[in-house]
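Every chain is named by a letter (A, B, C and D) in the order it is written, and numbering of its residues begins at 1.
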Amino acid sequence: METWRTAIVDAGPDHIRVRGHDVLGLMRAATFTDLIFLLHHERTPTAAERRLVDAILIGSADHGAGAPSCAAARLALSGNRQSPSAAIAAGVLTIGDEHGGAGSSCMDLIAAGLERARREALSFDTAAARLVDEARAAKTRLPGFGHRVHSTNDPRVDVLFGLAEEHGLARDGVGFIRALERAVRERIKPIPINVDGALAAILVDLGFPSIVGRLLFIVARVAGLSAEVLEEHSREKPMRIRIPVEYDGVPPKDNC
Amino acid sequence: METWRTAIVDAGPDHIRVRGHDVLGLMRAATFTDLIFLLHHERTPTAAERRLVDAILIGSADHGAGAPSCAAARLALSGNRQSPSAAIAAGVLTIGDEHGGAGSSCMDLIAAGLERARREALSFDTAAARLVDEARAAKTRLPGFGHRVHSTNDPRVDVLFGLAEEHGLARDGVGFIRALERAVRERIKPIPINVDGALAAILVDLGFPSIVGRLLFIVARVAGLSAEVLEEHSREKPMRIRIPVEYDGVPPKDNC
Amino acid sequence: METWRTAIVDAGPDHIRVRGHDVLGLMRAATFTDLIFLLHHERTPTAAERRLVDAILIGSADHGAGAPSCAAARLALSGNRQSPSAAIAAGVLTIGDEHGGAGSSCMDLIAAGLERARREALSFDTAAARLVDEARAAKTRLPGFGHRVHSTNDPRVDVLFGLAEEHGLARDGVGFIRALERAVRERIKPIPINVDGALAAILVDLGFPSIVGRLLFIVARVAGLSAEVLEEHSREKPMRIRIPVEYDGVPPKDNC
Amino acid sequence: METWRTAIVDAGPDHIRVRGHDVLGLMRAATFTDLIFLLHHERTPTAAERRLVDAILIGSADHGAGAPSCAAARLALSGNRQSPSAAIAAGVLTIGDEHGGAGSSCMDLIAAGLERARREALSFDTAAARLVDEARAAKTRLPGFGHRVHSTNDPRVDVLFGLAEEHGLARDGVGFIRALERAVRERIKPIPINVDGALAAILVDLGFPSIVGRLLFIVARVAGLSAEVLEEHSREKPMRIRIPVEYDGVPPKDNC
């Protein structure tokens, strides 16, 4: 097999470098968030960028043991107690379009809107109105808007937008999702931006492609899954979790 | 990287062979169970061996959607609907020492007993009595005995042992677990052999090492997981599963 | 949480039933392939259907240790030797649109073609020609056609179609993929139906929805992954697999 | 099913709290490493503790695309391109006793040595000498010592111990591994402490149980896996990775 190429890590015999940066120097002075940014962005962050990425990672790490990712990790540890990797992996596998995926979908939506505004020389409000009308016509949901629990306002949204504005990092991504929010209010009804929408707008403004929305959610959530696994391991007995099931299929058959 | 060696499959340009057998010939005349046996045993089974392996695979495939493996697969599909592989993998990851692992542990126990009887020239009853006494002294459970649900008798055990005897395949493995059952009854209390114990004894008699006990459980259970995933996908909505959680940790803190 | 409903398994305290069938009876007389069919189809197969499903499962189980699924399973076992479940799950996770996914994509294509022929009252050849023209215009590949290795003809295709015809099970699915093959030859160039296409056509004729194409590939491949894991475990040392990588990114930087 | 209890996250309708701390406050002012520490330790770290955990996470995040975890993640993405979760999970599944597990094994060793020194009122040197003699007698390797690549000295070890001493956090864990290093040199031959040993000693001194050694390695490595997945997705084609395999099994057989 030919040798793989890679641009990320140079794991030489004496030094490990990440995108050219000496890992020893990073170990002495950088934060884990600096490294996460560098691994996904090709440079280390400014202090303002670091603050925002820290806020996003903290806000996504854990939403309670009843979320599908945490419940799956605990179920796996419950049956397969020797393998914390298996439990964390089971949790990661529940993350997809429906769970943890709204952020990257909203990044796609914002990117499409910004591209359309630029290409067709539209104002953000006009481009946003068209996207909202198209979503209504197609009867698709707008990712980044609405929440089952926070029917009025998710307080994490205010924190994220407040930090972005305070640090001068609210740019076209934040601008465009605000335009979407206005278009939704005028054309449908007031639906608040949710935390997926807020982090999507900010990640666009930090220069990340939309797949990074999903990847950073996974990186953040693994910290929470790891803690759930630690608690399940130290507090609970194996096989404690049984889910009651009711059979509603065909009645018994006489068979061979 | 050096080339990997393998003894299993010769995937040449025109023919795929499994342990020397032409896959085209197998496709025409063999059963999937023949192939599973061949992949794990180096030859195809006799008709009697095939019957027993079919019975073991059928008996292990699915025990209901509330079992940890099935529940984890459904949770994963619920959040990550695009990926049936992720859901099946999440289910597989719950399988470990506590869930689906008793079969291979019981195979280890039987193998240790048979080795000891041979090496120390003991009768099966004497060797079994020593193992039972040691387990009592160490306060460890004997894998393959007892069941949460079937407090008296698991009917699958009778079917498996009946098939083994009818086909002349009940040998030292079945003989030794019967000796263990007698020793348990005399030294502790009557505890029935469970389905893990029955399949362990039979897999020993079929010549499989103990890791195969776990592997065949996974092969069988994946058929059930696949069906659970199909049902979840066709009947249920995304993110339907929320598990109620009660927080019993420290009270709110004033923090930065 | 409300109780889950399920139609598949009734795991009562004394009997396990699958879609109403007594598992004890199945253990005595059915094959594992019968159970797989029942779990995904709501009834047990005829002898002819069983033969075809056996052929499909055997033909998909293992294509050699260099395939992504097998390589990933061996890599996982190499680092995480205590967990056969983790290794098999890692192998399953490589299965997606690009690896093992052509079967279900081809089932979608055939289903779309059959629906169009019916709705627009077209002959199979006309409907197939339109699908081929649309794929050319969109520059998308036709799943189920062509192969990297078997540039002329995959012998498994002849076996599968031969079995289907011999048993009287070659119906509209096989008929439509033949029409597609003719349309490809006339409008592009002769490209043979590959094994994914053959099994797709047959699974359509057996009445399965397209997601089952992917699920049965996973069920089959897990048997092969299990054997690869067994061989890696018994023949190879931990951490034997290292892949040579060449760094082609930015040069060393002076950093903090 | 009874409600699950949890001590970690209180995901109420208006506020998410982690171990009593308001997530909004953490988002404004804490680092992701603070949250990781809090999730696994019940309180937020001091500045010195944060520095050490950052160094450990940075030093473990990525060792190049040829490591089993990264290779498995890239293989999975190569076949299953729609699912970054599946690729990251496949990478996590390679982490076990042999890959990434030496840290927690070394934490167990240090904990056993400290407990023995305390209980039997031995000096660290005497307790370490006994552990080394026992490992020699049992022919087991001492986790945390020696390295395939860095035959003399891994520079990350000096950085980690330097930071621990500079910040006044080198306590009994570091003291005991130094005693082990002396005992190894006197009783076997000079074998340097490796990076797993250094981080094990420091994690013991930070008050973590040994399972956290494995969990933090996973948390760190997921950041690297995520970046490898991003690079594979943006730079490489699907199914690019084929591993050459040589069949060394039985010759072709005439079979049915």
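For the reader, a short list of remarks on this structure follows.
Note that in this section a residue touches a chain if its C-beta (ideal position, glycine included) is under 8 Å from a C-beta of that chain, and two chains touch if they have at least 3 such contacts.
Quantities reported herein were computed from a predicted structural model and do not represent experimental measurements.
The greater number of contacting C-beta pairs, out of the two interfaces B-D and B-C, is seen for B-C.
Residue-numbered contact pairs of A-B overlap by over half with those of C-D, the repeat interface among A-D, A-C or C-D. With centres taken as mean Cα positions, subunit D sits 31 Å from subunit B. Annotation: 37 Å between the Cα-based centres of subunit C and subunit D. Computed centre separation for the pair subunit B/subunit C is 24 angstrom, with centres defined by C-alpha atoms. Multi-chain contact residues of subunit C, defined as those touching 2 or more other chains: 1, 4, 6-11, 26, 28, 30, 64-66, 80, 82-83, 85-86, 89-90, 93-96, 241-245.
Across the complex, subunit B is touched by residues 1, 64-66, 68-69, 71-72, 75-76, 78-83, 86-87, 89-90, 93-100, 238-239, 241-245 of subunit A. Remark: subunit B residues 1, 4, 6-11, 13-16, 18, 23-24, 26-28, 30-33, 35-36, 39-40, 53-55, 57-59, 61-67, 74, 83-86, 88-90, 92-96, 149-150, 155-156, 159-160, 163, 209, 211-212, 214-216, 218-220, 222-224, 226-231, 233-235, 241-244 touch subunit C in the complex. Within the complex formed with subunit D, the subunit B residues making contact are 1, 3-11, 17, 19-22, 25-26, 28-30, 42, 44, 80, 82-83, 85-86, 89, 93, 243-253, 255-256.
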